[in-house]
Structure formats: structure tokens, C-alpha cells
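Note that the chains are named A, B, C, D, E and F in the order they appear, and that numbering of residues resets to 1 at the start of each chain.
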Amino acid sequence: MNRIDGRAFDELRCVKITPGFAEFAEGSVLIECGHTKVLCCASVEERTPPHVPMGEGWVTAEYSMLPRANRERSRRDVSKLKLSPRSAEIQRLVGRSLRAAVDMKKLGEHTITIDCDVLQGDGGTRTTSVTGGYIALALACRKLVEAGRISQNPLKGYVAGISAGIVDDRVLLDLCYEEDSRAMVDLNCIMNEQGELIELQGTGEGRTFTVDEQQELVRLCAKGVKELIAIQKEILEQ
Amino acid sequence: MNRIDGRAFDELRCVKITPGFAEFAEGSVLIECGHTKVLCCASVEERTPPHVPMGEGWVTAEYSMLPRANRERSRRDVSKLKLSPRSAEIQRLVGRSLRAAVDMKKLGEHTITIDCDVLQGDGGTRTTSVTGGYIALALACRKLVEAGRISQNPLKGYVAGISAGIVDDRVLLDLCYEEDSRAMVDLNCIMNEQGELIELQGTGEGRTFTVDEQQELVRLCAKGVKELIAIQKEILEQ
Amino acid sequence: MNRIDGRAFDELRCVKITPGFAEFAEGSVLIECGHTKVLCCASVEERTPPHVPMGEGWVTAEYSMLPRANRERSRRDVSKLKLSPRSAEIQRLVGRSLRAAVDMKKLGEHTITIDCDVLQGDGGTRTTSVTGGYIALALACRKLVEAGRISQNPLKGYVAGISAGIVDDRVLLDLCYEEDSRAMVDLNCIMNEQGELIELQGTGEGRTFTVDEQQELVRLCAKGVKELIAIQKEILEQ
Amino acid sequence: MNRIDGRAFDELRCVKITPGFAEFAEGSVLIECGHTKVLCCASVEERTPPHVPMGEGWVTAEYSMLPRANRERSRRDVSKLKLSPRSAEIQRLVGRSLRAAVDMKKLGEHTITIDCDVLQGDGGTRTTSVTGGYIALALACRKLVEAGRISQNPLKGYVAGISAGIVDDRVLLDLCYEEDSRAMVDLNCIMNEQGELIELQGTGEGRTFTVDEQQELVRLCAKGVKELIAIQKEILEQ
Amino acid sequence: MNRIDGRAFDELRCVKITPGFAEFAEGSVLIECGHTKVLCCASVEERTPPHVPMGEGWVTAEYSMLPRANRERSRRDVSKLKLSPRSAEIQRLVGRSLRAAVDMKKLGEHTITIDCDVLQGDGGTRTTSVTGGYIALALACRKLVEAGRISQNPLKGYVAGISAGIVDDRVLLDLCYEEDSRAMVDLNCIMNEQGELIELQGTGEGRTFTVDEQQELVRLCAKGVKELIAIQKEILEQ
Amino acid sequence: MNRIDGRAFDELRCVKITPGFAEFAEGSVLIECGHTKVLCCASVEERTPPHVPMGEGWVTAEYSMLPRANRERSRRDVSKLKLSPRSAEIQRLVGRSLRAAVDMKKLGEHTITIDCDVLQGDGGTRTTSVTGGYIALALACRKLVEAGRISQNPLKGYVAGISAGIVDDRVLLDLCYEEDSRAMVDLNCIMNEQGELIELQGTGEGRTFTVDEQQELVRLCAKGVKELIAIQKEILEQ
């Protein structure tokens, strides 16, 4: 049985990254994974929220979909006067994932906000937001160091995310929308370069899954994250 | 090294369940896990949201904390005019978990809403909401069958949830607030009676974690869920 | 003609009070009057709103019903993005009533917020909130004195509330929901130990009422408040 | 001791009523009591809210203050995204009071909304809203009958409201702002032509009050309502 | 062909101005243009928004319609929890227009808010708000000077606004509602005493319009503004 | 004196148009005018709002800026729970402008929503939204015809928009952000291919402007619109 777009079961979609897409942001990237397109912008402010210890920094994320990112137009959050609960869940995940990449003491009293705006959604927008958001964050950190606003780069290491799932009882890496909408089980992993976990979210949407299946999905994700970090490095070390 | 409340590393907190605490709900339970107290109420309505296929049912959940459930008073959501993003994340988890327990065709055109209101929060409120919410759901389903409103009980099997974490490099089951606030890694599992996974959420709040550590935490959770399902059975089969 | 639950026309429902139900609040009580259950929590903060004179304190109240407190589930305020107008009216009443019990100069620069959350509503929730809220307030004041945060107890005397009404042309004390929904006239009194009035709200829902009838209802309430204050004393002086 | 504006203790402020101030409303009146100015407009719609029995009508009220109605400008409700709790309390009172004047079966399936917008506030705006709102309501009912949209006038009798209070231990009728802001006790009465009560709200803002004092305040209000109904009649029967 | 109210094509509606209608505002006016009635109140505060340079002042406007200002009742903004987009557009226009009349350095660190509340709307409410708002602003400025709160009057000159439109291919000045609702083209001008433009908004609602037509409409407006400024002068210089 | 980017006073910025940028929308375009980038998506729905006559269609627009579209990050509308008044003003302009291009009878009972999301803002975003929105609209109309959902193309002709302004007393076409922020006068024109006006908005932000100056700005805009329509044609007729 073949995948809809001809990929092997453990093959990522084509990834295209355009750094600097938004010129005014301290760091920005347009990341495309297959037909999914997310604009990630990192903005730096010289103040931190009240819960942050003095002298330390903070990293947070916001996630939103444009109204016509999907097959059907959806109403804007502001016209419903509420942040979509799905967006709330996702932006908390992205924020936690990117905070794990940063030494808050080295960042000093700066807040970096990563805005992840989905221009087009075709599956995997939350993990694409982490992978792209990391690059925007890294570009902004580099700019802070170059401008002498902080003395050391606060990044602790690469972070990327990918999903895997069980479709028709086969495990598949990096589900596109058509696969995702038929998946029985869906698992998202955020990992570092060493293959260690930062965030793990698994959902048995169509059926329960065994611990063995869960492990197989994590292994698949580990392969995907490794490849994504290689791509991040190409962009950031060129 | 001992736990703050003297428990073994793989020991649940004391669980106390009061079914029928809210008399008007079709099903209700006050569930106490240590100092955490959650009131779970199941309400049945004869209509379903638009996305549900005709002839099928729906299960959804809402989660909220009373303003003085915690050590500090927090403002009510309504006075901030927004559902707390944390509550949004949790109620999506509880809803997905309890939907996994129900055959929507057998439920027929009914919506069951599980309200999980935290009267006191001392760690583990999201998994306690699933464990208690399942009992409220089961009581409501039983009432529907007894009243002849549906012909077959739509429940597919027991579902419960528990957390485990890594504190001072030791894995611990069922973290209380003091442990949770110092945990490096935190993992929530929702499982069925067969030890299969329904939802899995792991977060490296203080550090990354290896796949081996993740597996150890899942094993610990499986033990806890087994014990919780035994308690659910006692209540429901008495 | 007998009342639905066999009470005499001037008889209170059974009152059950559980102080300390919420362990983190400076003062808390679960008060049950018949099937009505209200959790009252008093929280102390070291700051006052802008309109309060320097050196003085403030007491305020918030009132809310859990979604399944009643025979039908109601939507949460936050999902409608507005405080229910009925809750707004009631929490203003509770706040004014409890402020009347406190010497704001003795309280000093503290705000005490009394959260009254109705877990189950079977009539009389607003007056039950005042009666229970007073105990929570008293427990919090005592704790402030014991902790040396204020030098003198700021309470000026006991305060409690009760309703009376005209049902089938008979005056009845402490209406339960079934009586309340058929009442022609409904009157709520908040009084002190001397039988003096603090708040008085009378409504001719089904018909007008004479000044004589109004006086008879106030007399009935005075009897009820006297008994409630005796119960408050038992709890607070034990 | 004299009142600030030279009135006797039991004397109303000068009342000026301009019917038809808003030309498009089915009924409207600009009512001025001293410096208080309220524009009351009655609007008729051919549908009723869900809770109203088929074939019957409904009367409701909305109350709001213009931002510069008072000595200080206040922010608009919409800019705070919430109905002021005080307005919520008042519009519930006005709605209940005016519903008491109407036979809902005779009104048939119409909703009459009475908008009470305070152009200038100098004390007594809630009772002025009832007194003026009644005239707007009566004008709208008359228009419905004249247009043959209903066959019988649904009004059951006159309704008006007034306040009285205790200032410097003297009872005074119809408090202006300066008196109101110093009042120890404040009582609002809504009554019919027979001197029977429809709504009664008394508040011990500065001190408690005895049942005797309460009765004296009601007697004073009865005198005021009688005079206000005479003025309503002049307008409506001319 | 005659206009509905018998006016010549270039004739203003009857203008009636009642200064001091709202007694507590620093400046106020009830302005009536035909059946359009707008209450304009100017309120002075001793602080400015963050974007204003130190030592300078600010002028802003708010615009709202009472629910029954029009032929049909409309819901209040607060009950929809959003400022009507039309009101947002208009209050930005009024604010910009009146700021053009003020020397912000002479105003010093004061904010003047002009509240324009439409009591009755019969066309031309936005330009009537500017014309009336200017008088309220001028009265407030005069009061500031008289009270010694600023040393020089900050007004730079008169400002007024009027609309013109194309109805049945004829250009008409100062459209009333019936004309406005049939107009193909609608143009609003805010001008000073010298006939110079401050704001210009033209809309081809029913068809496009040529540059020549646009110029003719501007000329017509210039005539109207001249007459309105003469009326403003009468009020302010009497 | 030279312009900051070396353009002649009557020269447009470089325009780049990418049709089909959002693949799921019925019509879409990424339009870049200098550094301004707007994503315009047209979405078709088979229903119309209540005010639209039966058998006719409707065109509406929504406008929003991504949080980091500008030099400073701004908070999202949803986190402030209100549509920015500036966005409200602009989306009304875009909607009116594009409706002028459509024969609503030929469109039949469809609503086309044009979402204009500013990915980067460097001046002229409102007119760029009209120019790009027209292309998205045209692409969607073409798709409706090709799919046989409507029988005739409902477009009546090309529509585009441009701004001009007075900077340092010189008239300039198509202001970029740096020019715009120093402009004394700013004028936006929406025109058709015949050079007729559809919308005209002029603002004297820094000083008043004469009718002659206004005419000169309109002439400049007419030149710009002509060139923009030529570019639209290239895209749509290729």
C-alpha cells in the first residue's frame, strides 16, 4: 500500500525554509512542510512577565491560523471573542518546547515571543511551528548577541518536532491532512539533537494503542527530528 | 529519601469517592485524591453538535478551578473574559479521554457533558478529572438505560488517568503539588483496563528525558491506573 | 395544608455547616440548607481597591453557580463571556451585607474576598451565601488576628440572611425551590443579632403585596435569622 | 436643618416630563426629576424570548448611563466589555417592576423593551427609570391598540417608583446626589396606585436600621409615589 | 423635483443648538439638525495616553447610538461585546477632525474626550457630531482658561462638517435619512473657516462618480460648512 | 529633493503579485508593494447575510495585521478581545470598494469574503488590500463560472486603490512608511478603469489642505490606479 503522495512510511514531506521572510522581526522564517506553510516571527522585548525571576528572561509563543488556511474558511478568533481552545493548547506546547532550548539566565531580562501564524494548514502545523519557531528564535538570539544586548548566546541546543501516526494499522511519519484525518492514533514528539524528549503527546483518536506501538511511533519521530535538525543546521550555519 | 507524605515511590494517594454528591445531575461524583477535590457532574441533553453524524451521540468535558482552589486566590475566568488557556488544554484532554470510552452509535442522539470543577487543587487535577469523570459518565449512562432512553449501555470499558514524574532524579507515581512543583519531568497517562494507552502527555519542564525514562514513567502509570480502575469498579458495581 | 417537606410555616430547613472545607482559604465553610449547598471561601490580600481610604480595608463578594447546580445544566458565564446579570445582582447584595459586619479601620489595608460558589441550588442561595459567607469571613478575621497581621478583630457583630414568601396566600419561611417557583411574593432579609435590618429586598413576582404583608414577612425572617445566628455561634464559638 | 435645595423632608423634586422626545420609538419620554434626566424609550417587537408561553407577551428593560452623566466621566461598558454590575442590578429591577403592570396574555406575542438611558444622574435614577419607563410603556401600548395590533390595552394600572433615605438621622424623600452620598440608609419603593408594593429594596449603607425606621421610609415613599402617579396621569390622560 | 422636506438643493436642515444640556460636563451641547439629535459632551482629564509627547495634550472622541435612535431598535454594543465597526469608523473621524482644531502644546497635559451620543438619527450623524463636538470642545477649553488651568486658549479656529450626495442624479446638501438611503454617492467634508479641508470621505454606494461630480459635492459642502460655522459663532460669541 | 527610495514623485513602488499563494481559497494572491506584503484570499459560501435581497449575492472583507507585521510587535486583537478600530475602519473601506466591482444579481446567492492579512506593513496596506483583493475576487468569480455555479461572470470592471500625500509640501504618490509617518496630508483613492471614483478618503493629519491640493492628489492617484490596473490585467489575462 502506498501513501497518497508516494512517500515511504518513514519519509518526511519536502521541507522549504525561507529565513527573513518578515523583515522587521528580530528573527523570522517561512517554513513549508509539504503544503503546510507557517510564518514564524521572533520578537524581542526588554521586559519580562511578573512570574519571571529578576535577571532572567522568558520565551513564549502564540499560534493562530489565518481564516482561509484550510479547506473551509473559519471565522477569526476575534469575531468570536475567544482564542480557539485548539490554538490555546498548541501555543502552550510551542512555548514549553522552545523554552526548553533556552538558558533563561543567559537571555537576561528579555522576552522573546514566537508568533506562529499558519498561512496554509495541511497537517502537522503544531510540530512545524516548533521546528520553524526554533529557527526564528535562533536568528533573534544571534541578533541580540551581535548587537551586544546579551553577552552569550542563550541557546542550549537544537529542538525540532514531528508527528507520526497509525493509519490503516501502519505506522507513518509526518502525516499530511488526508492521512491525519483517517489516523487511528496520532503522536507528536518534540526532541533535541541527542534524541531526548522534550514534549510527547499521543492521542488514540480512533482506538487505543499499546505501549509497543507507542514506542514504534517515538522511534519514527526520532528519525524525523534528526533529519529536521540537519535542515535547521544548514539554514543557521550557512 | 522519603516522599513528603510518606508514600512509596509507586503508591497512589488516598482516594475517596462520593457518588451522587450533586443530586440533580444524571451522574455525579466528588472525587478526592489526597487533598485534590474535584466535583464531576454528567449532564445529558437530547441534541448533538452539528459535526456529529445523525443517529450518533457526543461526549464533551468542561474543566474549571474555583478561585480559591489553590494556595493563592486566582481571578475567575469570566472576570478576565477568557477561558484560561490551561483550562482549555485540560478540558480538551478530558473530553478526548472520555469519548474513547463510549460507543457513540449506542449512545444515540444525546450529548453528555462532564463538568469537572476543581474545589481544591493539590496536583493531578487533570487525571483526577478523567478518573472521576468516568464514574459520573457511567452513572449517567446507567440512568439512561434504566429510563429506557437508550437500549444498550454505550460504555466500552473502564478509563482512568494518573500522573508520574521525575523528582530529584527519582520516578514517582501520583505527584502531589509540592512534588509537582519541583518535578523535572511530568507525564500524564490515560489508559483502559487492558493497560492500553488513550492519551499520553509528557513534558520535560526542567530537563529533557530519555525514551527509557519515558517508558519507566508509563509503566508506573499503568500500575496506578490499574488500582484506580479497581476503585472505580467498587463504586460502580456495588 | 402542609409544606412539601413537612415543615411548619415558620420552620427553617435543616442546616449543616462544614468549616474548613477548602483548606487553602483563610476561612471557608460548606453550608447546606436543605438541598442547597454553597461553598464560601474567604481570601485575604494585602492591597485594597483605589476607592478605599488609605489605612482602611475592604470586603467584597463573588457569587457563581456551577453549571449543574440546578435541575437543568446552564452554560458557564465564561462561555457566554458575561457575568450573569442575576449573579451580578446577588454578589452586590452579599458584598454590601458582609461589609456591614466589618469595621474597615480595624481591618487595615486588607481586602477580604468572599467567594460563594453554589454547588447545588434549591432555593435561598443568596441568603445562604450571606449566612455562610459570614462564617468564612469570621474565620479569616480570626486567622489575621492570630497571625498578628491585625491587632483587633474587625467584626462588629453577627450577620445572617433568610428568605420568606407568600405561597398560595400563606406566608412561609425559608422557601425551597418548589415553593419559590410558585411564590407570589418573595422577600429576602439580611439582619444582625439585634434584629435590625441590613438589606431588604422584596419582589411581587406574582402579585402586589400590602405593607402589612411585608411586615409579616419581615417578622418571619427575623425569627429565622435569630436561629441562624445561633447556629453560626455554635460553629464559631466551639 | 434644611435640605440642600430647600425642600421639605417629604417633598419631591421638581418633575418635568416630555413625551415623544424620541420620535421613532413606539413610546418615549424624557423625564427630569431635579437634575436627573432619563430618556425612556419603549420598542415593540413581534417575537418573544423562548421562556415565554405561546400566545403571551414579555416586557424587559435595559438601563445605562451615558459616560458623562455624572460628575466624573466613566468609561463606556463596551470599552470594558462588560455590563456594569450596577446597571445589571438596576435593569432587572426596572424590568420586574414594569412587568407587574402588564397582563401578558392581553399583550399577546409582543416583546416591549424599555431602554432607560441616563443623560444626567443626580440621584434616584433607578426609580426615575421606572416612573418614566411606565409612561413610555403606556404610550407604546396605546399605539398597539390604536393600530389594531392588540385588541385590549394590556396595562393593569399605574406604577411608579421613588426613594427615601436617612440622612443625619432624619428621614427624607427623594434624595438628590448630595443627600444620597451621605445617606446612612437608602430605600427604593415601586408601588401601584393603591399603595401596594411591587418592589422594595432597602440598604443600610452606613448603619443598620430598625423595622420601625423601615416602615417610616415606606410611608414616605407611598406619599411620593401617589404624587408621581398623579403626574403620570396628567401626561397620559391629557 | 422637490426634496422631501421642501428644501432647496443647497439648503441645510434647521439647526438647533442647546449649550449646557449636560450640566456636569466641562462643555456640552445638544445639537439638532432636522430630526437628528446628538448630545456632545467634552470631559477633561489631567492625564494623556502614552503616545503623547510630554507637556502636550490630546483630544479624542467616542461615538455611539442609543438603541432606539433609529426606525428599528438595535442591540446595544455591550450586549454584543463589541463596538460596532461603523461606530469605530465614525469616532476615528470625529477624533481626527477635532484634533485638527487644537494646538496640543497650548492644551498642555490634558486629555479632552468628546462623547457624541446620538439620541435620534435621521442622517448626517457623523458630521453633526463634529459640528456639535466642536462647540462642546470650545466650551471646555474656555472653562480651562477661565479656571487658570491653561494660560492660552488652545483652539486654532472653527471646524464643522456636513454631507452632500447624489440622489436621482441631482447633487443635494445635507441629506436626511430618506435621501441618504437612496443616495448613489455620499460625501462628507470637515472644513475650517477658510474653506480648507480637514477630512474628506466620499463613497460611491450606488455608482462610481467622476472627479467633476466630486468637486461639485465639495463646493456644496463648503457652502454648508460656512453656514454652520456662522451658527457656531453665534453660540460661542454670544 | 529625492525620495528615500529614489523614486520619482509620481512613481509607484515595485509591485509583485503571486496568484494562488493560498491553495485552498477559491481565489488568492500574495501582493507586495515595496516592503508591504498582503495575503488576499477569497472564500465563497452558499449563503448570504439577512439584509441581502433573495437571489442576490454579497461581498465582504476582513482586514488584519499579523502581530509582527510592523516595526514593533503589537498584541493580537483576540488577546485584547476587540477588533482594532483601525482594522474595522479599513475592512469597511475594502468591502465597499470591492462590492462596487460586482453585479450582485449575477453573483446569485453566494457570499464572497475577502480576507486581507497584512504579513508585512510598510505603508499603503489599505489600498494594497483593495488592489490585491480585487484579483483574489476575480479568480474566485472565474472559478465559480468555470464550475458552472453561476452562469455569468459578475465582475463589472477593474478596481484598484492607491494613496498619495503631501510630505514637506510636495505631493508624492504611493507613500512608504517613512514618508507616511511624516506626511501632512494623506489621501486614499479607489478608482475604476475609467478613472472614476469609488472611494475617497483624505485626512489632514498635520495641516489642512486646499481644494486645489486635494485635486492634485486625486490626479496623482488616478495615474497610479491606471498603472495598477494594467498590472492586474497582466495577471488575470495571462
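Worth pointing out:
Methods note: a contact is a pair of C-beta atoms (placed from the backbone, for glycine too) under 8 Å apart; a residue touches a chain by one contact, two chains touch by 3 or more.
Given the structure is predicted, the values throughout are model-derived calculations rather than measurements.
Taken over every residue number at the interface, the positions common to subunit C and subunit D amount to over half, indicating a same-residue contact. A repeat of the B-C interface exists among E-F, A-F or C-D. It is A-F, with more than half of its contact pairs matching by residue number. Each chain gets a centre from the mean of its Cα atoms; the one farthest from the centre of subunit A is D. Averaging C-alpha coordinates per chain places the centre of subunit A 50 Å away from that of subunit C. A straight line joining the Cα centres of subunit A and subunit B is 27 Å long.
Multi-chain contact residues of subunit D, defined as those touching 2 or more other chains: 81-83. Residues 21-25, 28, 35, 39, 41, 43, 45, 62, 64, 66-71, 73, 76-79, 81-83, 113, 115, 117, 119-120 of subunit B are the ones touching subunit C in the complex. Interface of subunit C with subunit D (complex): residues 81-83, 85-86, 88-89, 91-92, 96, 100, 187, 191-192, 194-205, 208-211, 214-215, 218, 222.
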